[in-house]
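Right, one structure below, let's go through it.
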Amino acid sequence: MKKFMNTAETMVAESVEGFVRAHEAFVVFGAERKCIRRRHLTLGKVALISGGGAGHEPMHIGFIGQGMLDAACVGHIFTSPTPSQIIAAIEEADTGAGCLLVVKNYDGDLMNFEMAIEMAGDRHSLDMVVVSDDIETSRTGEGRGRRGVAGTLIVEKLIGAAAERGMSLAELKQLGEGLNRRYRSMGVALNGVTVPQTERKTFALGPGEMEMGVGIHGEPGHVRQPFAAADAIIGHLCETIADDIAAAPGMRALLFVNGLGGTPPAELYLAYNSARRFIEERGIPIERSLVGTYVTSLDMQGLSVTLALLTDEEIALWDAPVATAALRWP
Amino acid sequence: MKKFMNTAETMVAESVEGFVRAHEAFVVFGAERKCIRRRHLTLGKVALISGGGAGHEPMHIGFIGQGMLDAACVGHIFTSPTPSQIIAAIEEADTGAGCLLVVKNYDGDLMNFEMAIEMAGDRHSLDMVVVSDDIETSRTGEGRGRRGVAGTLIVEKLIGAAAERGMSLAELKQLGEGLNRRYRSMGVALNGVTVPQTERKTFALGPGEMEMGVGIHGEPGHVRQPFAAADAIIGHLCETIADDIAAAPGMRALLFVNGLGGTPPAELYLAYNSARRFIEERGIPIERSLVGTYVTSLDMQGLSVTLALLTDEEIALWDAPVATAALRWP
Amino acid sequence: MQKMNNSAAGEIVVSMARAIIDNRAYLSEIDGKIGDGDHGINMAKGFGLVADRIRGKELSLAKALETLGTVLMTEIGGSMGPLYGVMFTEFAQQIDQVDQIDSKTFSRMLHAGLTGIQEIGSAKVGDKTLLDTLVPAVEAFDKATSEGKSFDEALELLVAAAESGRDSTVNLIARIGRASRLGERSLGVLDAGATSCALILKELSEGTRDRLQ
Amino acid sequence: MQKMNNSAAGEIVVSMARAIIDNRAYLSEIDGKIGDGDHGINMAKGFGLVADRIRGKELSLAKALETLGTVLMTEIGGSMGPLYGVMFTEFAQQIDQVDQIDSKTFSRMLHAGLTGIQEIGSAKVGDKTLLDTLVPAVEAFDKATSEGKSFDEALELLVAAAESGRDSTVNLIARIGRASRLGERSLGVLDAGATSCALILKELSEGTRDRLQ
């Protein structure tokens, strides 16, 4: 395991400190460093808060700023933050209109966020949007359903823009949950990752193997397959996604190719090119695109493809200005 | 070698096509796809053109747009583009005020750009800025001196902003070359890279080894060393850079930590945190920062640290608006 | 009737912590086969913190469990923070005002912890979680006492049931937590939470048996 | 006096291309030790393109070299495009108007190519580049003719000098090109460009010797 780190224990704290120092214009640490929040909060706007285990950078801290999140909490690697961190974020970010918590569908996150809501709900108006865009987990056909993966960025961007326009807590929750049947993600890994504290690979792949349907916690995917050409891999991801998504007339497509941490930009663009071709061949013209490393799984060599079918209103929210460390447009 | 690709022959073309499709708002292909240029050129502005081998994405194509480059040419992997590509870019981008070519100091690039200038110089006013910020190559003490590596981004940003303000060809060249003694970069690699066409690693490192002083072409560096903690690695990079740079009173520092392709954002931020501490301990306060994967060497796991000491005027140019695929601020 | 003195039984939590810390690597290794390999780390961190805080303080079992529950809930995060946090907090509440813990109180305590976990985690037996250890353990204890077995015997049966419950997870497909995306690939390995739960119940039961009067 | 007929000697370029293509993997392997490993690929691409264009066309050597120079210069890029592009373009220009190539014209041709390379690349002998092959080769040829040796013998000596020049690069520290950042670590391996240059000069010389009248 070769990583740029000093000790496994201090890795997350050092990295987050670097992030905050590099983006002083956007963010500051909350008290006791329990959370990171916007440097300038907007009075009377619903605050958006998210968080999760570390190892997914730049998500969520990279999405703090005008037009997106107000605060975020970072746990240990692949470990949800604690209720007390989440409560600290609520206390820092609530400027009167309450807070909407964006939670990736996963037991650990759900339980800690729910507990925070229970503990702070008497002093703040709070609600939760659960993101669940991952395709593969749904295959088990039951349980808690799909995980929240790269689609989280889309939810945070859309409700972030809507919050900026003054939407209420209830409306924002509805907007976030309304996406549910209309976005899907699926990931593929060419290697496993090493969790610094255990110094073990979560799974090991031979030179001719890949894992189809991986998430963002370094776990193995749905099935191990022989490594193949990009078009074969991307074609499979796109077909699975497009088969599972609820297409409806008038919907406008956003295609998001996301690097999992160890994949260089040139390969992401090649994959995007392939994905765009496959999706458009199915009669879904792509109107908005995002390509880059935004939602990672440590240094995993791999990528995910997300397709979202948006309304005109949602496209307008996507296009709205955003000023964060990781996403920025005027 | 596991990469997201179809064939080694088509890899660059497919990736560049994906890039252009993903960023249609900023860029279009030039005729016969010999170059990529801004969608909207500005009449009467000096055109900035750059280019080089593929494998360094998002540089240079990701820097095309308002406030930075007007056009760029992409060669094969680690292979300079041809004079005819460069001439095509000149012909597309010159709107009357001539073109400044930004060339990374390296024989292949220099020769092809010089040849293009020779061949097109009768029809266009042309000049060249040579970027040479790499620290290690200077160690040989002679020859063609330092290479152009991550510092290229800084040169392209500063002269891009200055060109937008209407600076002349001669002034822009002077601005670009004026940086010369005031910026330095140094890279470290934790693994070698595989060039797709040869399917061989450019060098192989054991689990306890790293290469100090690597550039961006996958070649080995200045010396192979035992792998170490981030602070030891970054401390060495920072010291070497700071020792070699010409500090002067009134200068304001920009610190740029750049991923070489396979390094995840969390590690880059940790390295930035470390670098910032080392540089500031030497009495150089950091006033501007950039952390991310901008100038790559295929999928190399590694990073480079760049320090630039800028004048007030140059800081203003850095802060000026930029709207490109890879760098964007208002 | 057999009873345990609540006061000064807080050392049971210290032994629990020792068992978890001793098995740190093993728990992570199991988790690593189908999860992210951090179960031992998370658990050892939480229990270690608590052990340092209560060691030598001669706390009551109620107070020690309360400390454990609070630390897990507020300082650990992940899945285990809330789940075990709730369990131990509920345990503590049931015995807070009780000087002498008899089998009936012990059973009430177990049920409260179990209900707490089910409420926040909504897993069921068979989902390949710590519930596959906890549920049969509680059932075995209740069955033994209802059959008139002694507190001591009931605790012994509890441990046996917990361990066979833990072992049952080898043949289960994970339906919850990280491993659930694996489907059939999760067959053939123990569940990490079920394993730590068996360790916890064993220390709790044996510590209680040693202190029965 | 020995001479070669310029017309129809264009096939020499086809043999040159064959030698480069046959050594494609070898050239990349050498380059890979201290450079980026693409020398064979770049060279084979350029020479392959040219061979396809001129094969069977019975071109003059001048015309074939001109095609080669133009293709390398405009379609290959990298370091070799301009360097060999200039060399072959200069070669072609020197023999363009010449029907019968004698040793004097041949020497003029070599010098023009060499000067072209030196002008655009500004490397020197000892920098571990193709000049370590080319410079001694040209010198050996000139020396032989000034000593009154035949064109044929001079060509033979040219090849020997090229090959020993190539071999000399093993003991040189690279001072130019990608390998220069390696410093002393570039010792002990051949230079890729010096190796391809020896192949080119050998095919050129042997093709000429075969056609001497």
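Per-chain numbering from 1; labels A, B, C and D assigned in written order.
Convention: a residue touches a chain if its C-beta (ideal position, glycine included) is under 8 Å from a C-beta of that chain, and two chains touch if they have at least 3 such contacts.
Chain by chain, the UniProt names read as follows: A, B, C, D = Dihydroxyacetone kinase-like protein.
No experiment lies behind these values; they were computed from the predicted model shown.
Taking each chain's centre as the mean of its CA atoms, D is the chain most distant from subunit A. Averaging Cα coordinates per chain places subunit A and subunit C 33 Å apart. With centres defined as mean CA coordinates, subunit D is found 56 Å away from subunit A.
Separating the CA-averaged centres of subunit A and subunit B is a span of 29 Å. Of all residues in subunit D, none touches 2 or more other chains. Pairs of chains meeting the touch criterion: A-B, A-C, B-D.
Those residues of subunit A whose C-beta lies close enough to touch subunit B in the complex are 1-7, 11-12, 14-19, 21-23, 54-55, 57-58, 62, 190-191, 207, 210, 227, 229-231, 233-234, 261-274, 276, 289-291, 293, 296, 298-299, 301, 303, 323, 328-330. Touching subunit B in their complex are the following residues of subunit D: 28-29, 32, 34-38, 41-42, 73-79, 81-83, 120-122, 127, 173, 175-183, 185.
Within the complex, the subunit B residues that touch subunit D are 53, 75-85, 106-108, 111-112, 114-115, 134, 136-137, 139-140, 142-144, 147, 195, 197-198, 200, 202, 213, 215, 217-223.
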